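There are two complexes below, and they share chain A, which is joined by chain B in the first and by chain C in the second.
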Partner chain A sequence: MMQVIADGLVAASFITLGVVGLSMIYNILNFPTFAQGDHIAVGAYFALGVVALAGTAGSVAGLSFGWPLILGLFCAAVLTAVVALALDRAIFAQLRRRDASRISLIMASFGVALMLRYMIVMAAGHDPHYYAFAITPALNLGGVRIQPNELISIAVTVAMVVGLHLFLTRTWLGRSMRAVSENPTLARVNGIDVGRVVRWTWIIGAGMAAVAGVLLGVVVQIHPFMGFELLLPMFAALIVGGMTNIYGAVLGAVLIGLAEALTIRYLAPEYRQAVSFIAVFVVLMVRPQGILGEKP
Partner chain B sequence: MSAPVPHLAVDDLVAGYVPDVPILRGMTLSVATGEIVTVLGPNGAGKSTLVKAVAGLVPARSGEIRVKGGSIRGLATHRLVAAGVAYVPQTENVFTRLSVEENLELGGLSAPAEVRARMAEMYALFPDLARLRRLAAGRLSGGQRQMVAVARALMARPHLIMLDEPSAGLSPKLTEMVFQKLEEVRRTGVTLLVVEQNARAALAISDRGYVLAEGRQRFTGTARELLSSPEVGELYLGTRTRLAS
Partner chain C sequence: MDVLSYLVFFLVVAGIYAVATLGLNLQWGFTGIMNVGVVGFFGVGAYTAAYVTGPNYPDAFGGFGLHPLVGYLAAMVVSGAVAFVVGLPTIRLKHDFLAIGTFGIAICIQLVAMNWKSATRGFDGLHSLPKPFAAAAGSPFAANLAYLVMVVAIILLVTLALERMVRSPWGRMLRAVREDETASAALGKDAFRVRLQTFVMGSGLMGLSGALYANFTGFVSPQDLLPIFTFQVFVMLVVGGSGNNWGAILGAVVIWGLWTATETVLSALLPPGLQQQVAAVRIVMVGLILVAMLLLRPQGLLPERRNVSPEARLKP
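For the complex of A and B:
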């Protein structure tokens, strides 16, 4: 059972880093962006570019990768944030200015997602890639076998979620984000520059997605559809945990990750995606606002 | 000798949410420094639109809005705080998911170094809030929320505060308490523009008032004049009964 929990937490780490940004964007910009999955892939490919330029250069602390990938992780976060900001300025900001409906913004995000996905295909092809081919022995932690790369994924995710919590509760910008997510008009009246908050939302959301992409690339592999494949569990986590609550999204990600691991262990890997649908169905029947969500 | 510059001057203001469908149709108003001025009028008269237009939330199509002589027409809403103007909306005027303390901290966003000192002043002015400071604002009663909303607005040390129906939804006792607090706020040197339906309670603490109808000023005068005007009474009560009677 502990092995299933460990496997579930590894799956949850990728979902968490993606869904936190999805939740922030939903709550501040008022639409769920379907491009969030592809931010994950874009981040993974940016890091791959850095690794291709700098080389794999050995390994750090028993991991399968070296310093070039750590540099690549930071570059990926920054460059993906820049891409998201540019796309917001070119597309979503124009739609907001025209008071576009939520469905228009969602459809635009579909378009952005497809554009990003096939730009990756054009640039790097369909074939999967790997940051490194080094094989690292699994650790045995009290009978639970876990790869160092998987352990680092969980650790990075926990650190980023804690960091985000501190950011949201202890900094002016974080509090401004919470204010805008609840009541943008009152936030403006309070002197909060909503445009600045929107920009930081994309930076943090896309940056965290890029980190998810790099970690997923390290643990599994890099391919153009890697983010798209994570989109369903991310949306399931968002709905299960509660659309209006970022901590609910984290809880949802953990539950979906664990449910996926249980499915793989006791049913069959093919049913893994179905479990997200079932979880959404059950939550919508029992508690439509999600576990930690507020009633509209 | 030239006349003193009004603290807030609204001149021939035309404003509305949609172009060519004005709600305010040439509104003129002035508030002197240190005054409490109340804007009255029946539903749909344009009272809320007036303060929203001053706050930059409703586009001003023509006319002028000046604060201490300087134009603020077209100023982005988030820059209003820096201009010394605070606005307390009628509804949804607190961040319900944030604690009372976090609400006040957000109000002091423009001067973070002063937040602690300013918050102590707010707790002295509204002692109930000190007791409730860790509570989510969404769990407060209507009167307590109104206190949080006013305190939040005061955190930025505004020289002018505009309140949209501060007594909306409050019991007569709470209404009296809110207006008492507004008088205390005025004594701290703040000028107030209050939009109200509760004419008697608002005029009781006001120096002057304006009565709006169909987006224009219908009557103006001192609070005493408006309270004893049969025309104003008719507009409110449907009979030529004075509000003061």
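For the complex of A and C:
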């Protein structure tokens, strides 16, 4: 059972890093972006590019990666944020300016998602890639077997979520973001630069997605559909935890991660994505606003 | 003769897409509800038709060997039923929930098709489905031509029925709900009900499209259930003109034409061995068309026409 919880938390770490951005974009830009999954994959491939340039993923402290990949992680976060900002300027900002319907935004994000995914295929093909082939022995923590890489993913995720919490509660920009998500008109009246808030939403959302991609690439593998496969679990986490609450999204991610691990262990591994869907249905029937969501 | 037979083949496939696009038009174009899982309902229709009309497989259930027309009806009913189950909890809520719910059901349907091998034969798919007219027509060309005539007849029938429906008081209610749900509710319109009705009917058309596909190719597999299909149908509707049934048909023909033409051109230009890249370039190109249309001509090639009650029209 402890093993299932550990596996679930590893799965939850990738979902968490992705869903935090999804939740912020949903609350500030008012649409669920179907491109968030592919931000994850784009990030993983940027880091792969850096590792390929360096010629090695390096190695520190007995891990399967080292400084080249850590540098790649930072480059991936920055470049993915740049990609998201460029796409916002070229497409989503234009649609907002034209007062396009929410459905047009959803549809455009679906189109962007496919374009990103297949640009990756154009550049790197369908075959899976790895940052490194080194095999690290699993650690044994009181009967639970866990890879050092998996522990690092959980640690990085916890650190980033705590950092984001401090950012949202302690800084002017973070508080502005919460204000815009609560009430954009009132926020604007109070002199908050909504354009800046929107830009930072993409930067943080896409940057954290890129980190998720690199960690997923380290723990599992890198392939063009890696992010797309996380999209349904991320949406499920969003709905289960509550669309309007970023902490709800994190809670949702943990629950979906555990549910996936339980399915893989006791039911059928090939149906892990279906769990997310069932969770969505149960929550919509019982508590449509999600666990931590407020009643609309 | 080669060109002609290719043209017939091309038009049949475009027509099959057009049926799905008409379904999405009823949902998104007229009622303003979002279906991100078009391919799921297409897939349910295709597999339903395969079970109803197909031979008896030793390693999968089904195989009732019924007439394809029965398959078409069954596909519409089953896809509509799936839509009812998905729509019931999600359609009452904000648009986003239906978008996510339909996205999820499409993925789950593909998972079932891939993994429930004792029912679907997994990636081996269901094969040897009966092709109408194949025996009677004599040659494959004549069979395809007859199938084309049937598809065109079905499209005309569907389009005329849809046109009547959307010009009726019920159809005006759809647009009222789309444009301002609060106002239409204040006038006593049950928005939930009409949304669910159009969602079920539109998904039924997507199921019909799947059934037409299954009995045309004689084979269905999880390879036919990729999200690309949903994306293609989106682009067809946006390019043709959402809210216009003839636009939906035009969009299907134009985009399917571009899709097939780029494959021919790119395959000729690029060195062999780059098939993956050809497919990818094509998807990126169609994505650009989608985004460009949303930005530059959101009304599409054939814009929606105004629809005014005959009683409200001013007499000259």
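The working rule: the second predicted complex is superposed on the first by the 294 of 296 C-alpha atoms of A that agree within 3 Å, B and C clash if a C-alpha of one lies under 4 Å from a C-alpha of the other, contacts with A are read in each partner's own complex, and residues count from 1 in each chain.
The rule we apply is simple: a residue touches a chain if its C-beta (ideal position, glycine included) is under 8 Å from a C-beta of that chain, and two chains touch if they have at least 3 such contacts.
Worth saying up front: this structure is predicted, and the values here are computed from it rather than measured.
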Contacts of A:V194 with chain B and chain C, given as first, second, both or neither: first
Touched partner set for A:I291, first chain B, second chain C, both or neither: neither
Touching partner for A:S276 - first (chain B), second (chain C), both, neither: second
Chain B versus chain C as contact partner of A:M243, first or second or both or neither: second
Contacts of A:Q94 with chain B and chain C, given as first, second, both or neither: second
Greater chain A contact set [chain C / chain B]: C
Partner chain(s) touched by A:G111 [first = chain B, second = chain C, both, neither]: second
Chain C-contacting residues of chain A that also contact chain B: none
Of chain C, residues touching chain A in the complex: 28, 32, 34, 36, 89-90, 93-97, 99-101, 103-105, 107-108, 111, 114-115, 227-228, 230-231, 234-235, 238, 276-277, 279-281, 283-284, 287-288, 290-291, 294-295, 298
Footprint of chain A on chain B - complex, ascending: 55, 57, 76-82, 86-87, 89, 92-98, 102, 105-107, 109-110, 112, 152, 156
Residues of chain A that touch chain C when the two form their complex: 26, 31-32, 34, 91, 94-95, 98, 100-104, 106-108, 110-112, 114-115, 118-119, 121-122, 125-126, 228, 231-232, 235-236, 238-239, 243, 268, 270-271, 273-274, 276-277, 280-281, 284-285, 288, 296
Sites on chain A touched by chain B in the complex: 172, 175-176, 178-179, 182-183, 185-194
